[in-house]
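Across the two complexes that follow, subunit A remains constant while its partner is subunit B and subsequently subunit C.
The block that comes next holds the complex of A and B.
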């Protein structure tokens, strides 16, 4: 557990953060959120002593961090920033092994660890020899994450790690980040100014404003009991939709009313006709190509094929899926985790969930 | 490193060694240019010896300039030395407006004639581009890279030699290149105060109105400068290819 006790930081007589008191629980993701300049980065950097507080104390597992040598402390805390800061003269492998080398691990152990880490962040082993300038933004951030996790630290500090990445790749990174965290269960302190990201990834929220703590606690608690108007406006006003963000797609994906075929001539028309919910999905080994649906318009019966499908990941929440459906004018979304098809979520399923929230 | 360019470097260096060890080439060239001149080649000292002492002046002064210049550049970019940065910036930009000959003249009253004042003048003058480039090389490294270097647990020394020096190496080498080339030229002036080197035939040529002597010394010095400059362009290019642009990280 990380405990901040009366933490303040002054720069030239103005407080960057003032009197912060909160705990960060082990094995969960704590999102620090607030407007620009509210002291998020300062708070984060005090945990690995890149910034020393003017007042107050920080404890990690009940030990004051001043009792650690700062260099040794940092080697045992992963650190990821928005600019990533990969070392441009090191290739991917050298970047990832920086900390193990500082810790003087043996060669074999380091080699094994590189393979584990690349696998963890879903990068092909061929990437080992590439230099940062040969990588895309998303790939760089995966390498940055691998570097931070290299020595298997208990704590990971992340400062807007996905902030500079385009929305589509950010969604992908979110998915793999959640997948990774499920395996490694680190204590993660994650700074963001994007409330959707905070809600999507966080177990806990710490909300700051002008250097002061406004509210902190479990995501669900904060969502259901926003302390004041500031928190309310930060979370957004739409109460029904808000409930949807807590619901992850893996709980709702289902294979009811579905048939999967590999070839177009396997279409079973009577199956489609039997129930208007029924769908036949065309899928080759890995990819869903489209689906068939029975339509009855102006008494004209038709089997219609849709190839423009809405896809979402396992950890997407229902609000995201709903807005994707709206955007594409579809009423069904396909949930996949990597290449595994988990099922579909229909618009009706989401509406039913909203109803139960009211 | 580009193989063809390395081979070219070897060829021109070989040619250089050939023309300074055999008088035939210059006898032919300068004899053709100055048919009425009785003494074509400077003969009080063999050309190899002149090149040798010239190189000694240049290498010794450049080595000292690198040691002192890089050290100053690194000190003023550390936290404890940052307060001297404006002063050093002023001095380097002012110093470069000063002609090297003037420094040479000023050092004679202090150190007398000969080798030492020449070295001093060369060192003082050639420190400037090295300091300047070391500072700008270090400052060109994005804060985010230094921040993560510190953040992953490198100590100050490790940040310096694992990150800062490799990433600013090209720019520092650029400064060293400039100062070595300047030194090759300026060292010829050292002959006026008795330091030897390729300035000797040049001065002798001026004094005796012998253009052939003068050209002999000047051509060899220019050729030497060309080879060394070419050598620097090779090592700078090759490290650049690997290290690419800093912002790639």
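The block that comes next holds the complex of A and C.
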């Protein structure tokens, strides 16, 4: 656990950070967020002593960081910064192995570690011989992460690591990052100014304003109980919508009111008529081809067949599913994990979830 | 025409001896300039305030004086202070110290263009300051300073004939000696010019090759653009 106790940092009589008190739990992602100049980067850098606090103490596992040798301390804390952190004159392999070499690991151990790390961050082994300037922004960031993890530190500090990357690649990196964290379970302190990123990746939020702590706690708690107007405006008017990000589809997919048939001839019209919610799904072996739904327009009863279906994965969140539904003009989404059909989620289910946030 | 060529060949050993002295002068001056220049650059970047100021003055003064004046002060002026320095060493000191002022600027620019992020990256992964300098900053700075260094080398090479004024038997002086007995200034000076040019050409390409060998794929190119 990392504990900040009465931490302040003064530059020429102005406080960059003032009287911060909060804990960072082991194995979770803590997002430090706030507008520019709120002291989030300063706070991060005090943890690995790139910046020394003017007042207060920081403890890692109950030991004051001043009692650690700064060089040894930093070797046990990975640090990822916005792309510039890689050494341009070293190739990918050399960049990753800087720390293991400083720690004087054996050659075989280093080689094995490089392969493990490249695999972890999903980079092809061919990348070993490439130089940073030959990589895309996203690839550089993966190498940066691999380098920070090289000596298997307990703690990882990340300073807007995905800030300079285009939205499409950022989404991809977010997904790999979450998968990686599931495997490595590091204590991660992540600085961002992007509330969407904070909500998507974080377990906990630390909200700063002008160097002072405004609110901290579990993401869900903060989303549901914003402490004041500043937090409300930071989270945005659409915070209920944002809360949907926390909800994964596998918790909501259900097979109530469903019937699955293999052939159009098997359709049971009375089942559809009985309840408006009922659906009959046409499924051919593994693939869902479409579904039937009862409609009553102007007293004209009809069974309508839909083949244009919205599909989503097991780990999609409700917000993504909602936006897909809007895009396709549908009110039901089919959740599949690879070839296994887990059930459906209806627009009504999502709206109900949003309501429960209020 | 043929006669002129034979005449040049006849005197070639003397001219080549002079050329060798010119190369020695250049290489030694550049080495002196490199050691002092690096020191000045580092002190100007990382030294205490007054040392920074002092280094700035050092660069400024040496860049502001004509090289011939520097050479004359060292060779003809110092003996009146009781310091007698042989001609060749005086020439190396003069050319080398003047070059150190220019080389200091080249190295300082290279180190500065690398930026603090690299120092921070080094520190953040657990290198101490010395290791960060050695493994991160210096290797990049050398690559970045090679073009400027190449230019400085050729400038010192082309300034080496000034050692003539101290009576050193470098290429131009040897040529002059031949002219005194043969009265063929055009042929000999032209030959000297060709030798100087070939030396320039040789060293220029030598350093360019070195730069190519140590070029980091994608790196120097992107710095240029």
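Throughout what follows, the second predicted complex is superposed on the first by the 247 of 358 C-alpha atoms of A that agree within 3 Å, B and C clash if a C-alpha of one lies under 4 Å from a C-alpha of the other, contacts with A are read in each partner's own complex, and residues count from 1 in each chain.
Everything that follows uses one rule, which is that contacts are C-beta pairs under 8 Å (C-beta built on N, C-alpha and C of every residue); 3 or more make two chains touch, one makes a residue touch a chain.
This one's a predicted model, so the numbers in the text were calculated from it and none came from an experiment.
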Clash-or-fit label for the pair subunit B, subunit C on subunit A: clash
Subunit B versus subunit C as contact partner of A:50, first or second or both or neither: both
Touched partner set for A:25, first subunit B, second subunit C, both or neither: neither
Residues on subunit A lying within both footprints (that of subunit B and that of subunit C): 48, 50, 71-75, 79, 81, 84-89, 98-99, 102, 131-134, 147-148
Subunit A to subunit C touching residues, read off their complex: 48, 50, 71-75, 79, 81, 84-89, 98-99, 102, 130-134, 147-148
Residue ranges of subunit B in contact with subunit A within the complex: 142, 144-145, 147-155, 158, 162-163, 166-167, 242-249
Touch list for subunit A against partner subunit B, complex: 48, 50, 71-76, 79, 81, 83-89, 98-99, 102, 131-134, 140, 147-148
Footprint of subunit A on subunit C - complex, ascending: 115, 117-118, 120-121, 123-128, 131, 135-136, 139-140, 143, 216-219, 221-222
